[in-house]
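Going in written order, the chains are labelled A, B, C and D, and every chain counts its residues from 1.
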Amino acid sequence: MSAPGPAIPFGRDGSSRFLPALTLLMVFLAGLALAAVMDLERALARWDQSLTGTLTVELPAATGATDKSLDAALAVLHDAPGIKSATAIDRDATAKLVEPWLGTALSPADLELPRLIDVRLDVSAHADLAALRAKLAAAAPGATLDDHQLWLDSFARFARSAEITAIAILVLIGGVAVMSVAFATRTGLAVHRDTIELLHLMGARDAYVARQFERQALRLALIGGVAGLVLAAAALLALSQAANAVSLLGDSVTLLPPLHLRGWNWAVLAVLPIVAGLVAMATARITVLATLRRLP
Amino acid sequence: MSAPGPAIPFGRDGSSRFLPALTLLMVFLAGLALAAVMDLERALARWDQSLTGTLTVELPAATGATDKSLDAALAVLHDAPGIKSATAIDRDATAKLVEPWLGTALSPADLELPRLIDVRLDVSAHADLAALRAKLAAAAPGATLDDHQLWLDSFARFARSAEITAIAILVLIGGVAVMSVAFATRTGLAVHRDTIELLHLMGARDAYVARQFERQALRLALIGGVAGLVLAAAALLALSQAANAVSLLGDSVTLLPPLHLRGWNWAVLAVLPIVAGLVAMATARITVLATLRRLP
Amino acid sequence: MVRFENVGMRYGTGPEVLRDITLRLDAGSFHFLTGPSGAGKTSLLRLIALAERPSRGLASLFGEDLSRVTRADLAPLRRKIGIVFQDFRLIPHLSAFDNVALPLRVAGVAEAKLRDNVREILEWVGLADKLDAKPPTLSGGQQQRVAIARAVVARPKLLVADEPTGNVDDAMALRLMRLFEELNKLGTTLIVATHNAALARQFNRSVLHLEDGELQAAAAAWAAS
Amino acid sequence: MVRFENVGMRYGTGPEVLRDITLRLDAGSFHFLTGPSGAGKTSLLRLIALAERPSRGLASLFGEDLSRVTRADLAPLRRKIGIVFQDFRLIPHLSAFDNVALPLRVAGVAEAKLRDNVREILEWVGLADKLDAKPPTLSGGQQQRVAIARAVVARPKLLVADEPTGNVDDAMALRLMRLFEELNKLGTTLIVATHNAALARQFNRSVLHLEDGELQAAAAAWAAS
């Protein structure tokens, strides 16, 4: 029992080609799905960051916003911790923002437009917005701080449901992939029922018999899984090339995700063939032991 | 040769359970993917429609927009063909639109705001926008017609790439499904190589032998495919219930598609088991004929 | 009926397992084929039954030169041949009845007509009570008898039997040989490979003896029954 | 070595195929088992080889009462038994060598030690030149000899052979029986089912005769060799 000896190979009966082929397809599909989800996650996170990283300070014209109060507000902002930059938007730029409503005929000088300050936060250091709001009110009366909370709320809802949908798809594809590999393993073993009985009657212990088939299933699923992963990686790289080519054409509004997977993303993908191998192995073990239990 | 006799059944060797099981999984997956694509198409079409259905007419304050020129513009719009409604936005509502930029302290009366008209088109009848623009300019000098072209352009790009992505996913899942069913059929037949030779040596013609196995493959794949379709339909109905429940909670910004499939959408889904059956049948035919060709 | 001249055969690219086989089986003749294990008996029978192609030599069957017959025309020839395989080749998930009915169904015989035929032949081989049994639940000898019933049910012009009595007792072997004689009287040409020298002697028919891929005692081969 | 008392056996929920079997095989004895096709020879051998469980009666093997042995303890008992299956049960994608080496590998024998052993036994059965052949490329008799080699290679305490000479000629059958006698002299208990009445007579050993699931001539069964 100690020396396991050469494994009993799955035959050339189709199962030895089928399990790798099916595993290849499933790892390929699951790989693309997983990459898409990870990329979506990143896109959402980046989007989130670029939004949460900005504030707008408004000094209404009616309160007599002067360059002095603007300077005071800027000084407060520059001193506050966690703020990367604060830039006053000049009158012309502000006028441009209002132009659709007022028409071009009205010159900015004719209007007492509010002054706006574009503030960029350092997202790594959390700024204390309440304290900042109080300080600003003291320095420049009437100044308001818009942290885009409404926009953020609906964005958060959107992101959450996008995540849920993507994860549901991933779980679905993953579940189908796992079941397919399990079914393929069971089918491959159906041909070997006689061999299992034979080993049993030779006095092989259940664990020994199971091990013979486990090893084969693991090997075949790993072969297919690695091939599927390589195909998926090739497809992802090709897609990312295509996406770059499209964005070079200036088409920045595209659903094709940018597909810049980082190192750890690839590491997560590399887990897929291992999962496939373990599923095949566990299925082989369960199937063989179930077959053996039916024998006296 | 005329009476085909009872078919030679696939054995209880796993293949008779495996082909239906795998077809079930694949039709289930492809069904959900196809439903998602059809739903996305509809959502995009509806979105497109709601955008292309609106115009904004602007009468700049600087040209001395009076109630008279407003009335003239409205008269033109009401007479024009293909226009469902045209409503003047009153001064207060216009002021509200500008408020973020000007602050509340400035009363609308203090400003010469442009007057806006919200126009809804009858999308079924195509309005002639160029003619309308000319007529408007004559009736109310300085009036401009904003048909959201810029927004539409980027929307069109977005919609196109969303469609391409969705169709790519569908093609991918479909391809994997077709290959899986084909592989499963081939594996099932590997066990029957002896039977194929036996029938051949009994003097059965190739077409007769192929027919025996084709029929079985078709039957098994149809069984699995219909089961997969039923499961997919159940899942879609459950999802649509869930989406409704969520939107009752007032959460209207959701990526979970509304999932209201129409009659012909269901008809398209019902094609999936038939496709699976045909794939299995064709694979069986090709495999059996290839096996037979190797015999003398 | 069957004429071989200097026929050779090999499996794939292996060595020749049959060499210079020259034989003639006349219509209505009855031959035994003997020889040690591995001599090539099964290979020769497979050649005669159109299950393999000769790699050289002239072979003709039912008066047709095999090198001139197209692949499609082989099917009707095969329908005139019954084969008992050494390893039975029963379809495990079909009942004994359906296994035996197979050649008739392949030949397009109507269900109503074949039923009595199949029953009768299964009764003859002593399996009247096993019509619905699947081969894996039959004993070795019972399986062999199903295989024999299947080979003879369509009343073939030529019957090729490979070790048809290896798994049955002597009494049953005699009974089966009598079935073969019965067929022979109705005009079937028979060639039966057997290790049972006693049985072959008992029937006093022409004996072809194979030894390492070559036919010995060629004289006996030419003696029609 | 083997003791059965009033043992019965059925497959699933079918009728009893063995009834009231009472027998004793002493250590080192040599028995033939005869009976018509379908009598239950294979079933009885499967019972003795621990491939089936009796549905009633007392059975003991190697002095152990089978009703008291746990499932896990059956494995070491089975490793003392060699089986020749009527349908050979060779693994089609393993070479003849690997098929024969299987029982030794299962028992954990080192590769270096088993090689000569396997070669020697394959030579004995006349297959020295077929070490690397896969079973589907072997003739019927060659496959049967591989099956015999596999059953005896581990020098079992008990050898159960089901129709081990059905596919070989008389000369080879004698040679194989001599191999069995050799093993018997070294202490192996043998029970050999056969249809070859002449062979059984030739060796003048105890004969157990089965008839429709029941042992006849019980007296002979008690006579140790």
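Going forward, contacts are C-beta pairs under 8 Å (C-beta built on N, C-alpha and C of every residue); 3 or more make two chains touch, one makes a residue touch a chain.
The shown structure was predicted, so the numbers you read here are calculated from the model rather than taken from an experiment.
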Seminar exercise, completed: chain A and chain B share contacts with none
Seminar exercise, completed: Separation of the C-alpha centres, chain A versus chain D, in whole Å, is 62
Problem set entry | For chain B paired with chain D, centre-to-centre distance based on mean C-alpha positions, whole Å | 67
Problem set entry | Shared interface positions of chain A, touching two or more other chains | 13
For this session: Determine the shape of the graph in which chains are vertices and touching pairs are edges (line, ring, star, complete, other).
Result: ring
For this session: Go through the chains and record each pair that touches.
Result: A-B, A-D, B-C, C-D
Exercise. So in the complex, which bits of chain B are touching chain C?
Worked result: 1-6, 8-13, 194-195, 197-205, 208, 296
Problem set entry | Footprint of chain D on chain C - complex, ascending | 11, 34-38, 41-42, 86-87, 126, 137-142, 144-145, 162-163, 166-173, 195, 197-198
Exercise. Which positions of chain C touch chain B when the two form their complex?
Worked result: 49-53, 72, 74-81, 83, 89, 91-94, 98, 101-103, 105-111
For this session: Could you please specify the touching residues of chain A with respect to chain B in the complex?
Result: 13-15, 18, 21-22, 25-26, 28-29, 32, 58, 60-63, 94, 97-98, 101-103, 105-106, 111-114, 154, 157-158, 161-162, 164-165, 172-173, 176, 179-180, 183-184, 186-191, 251, 253-256
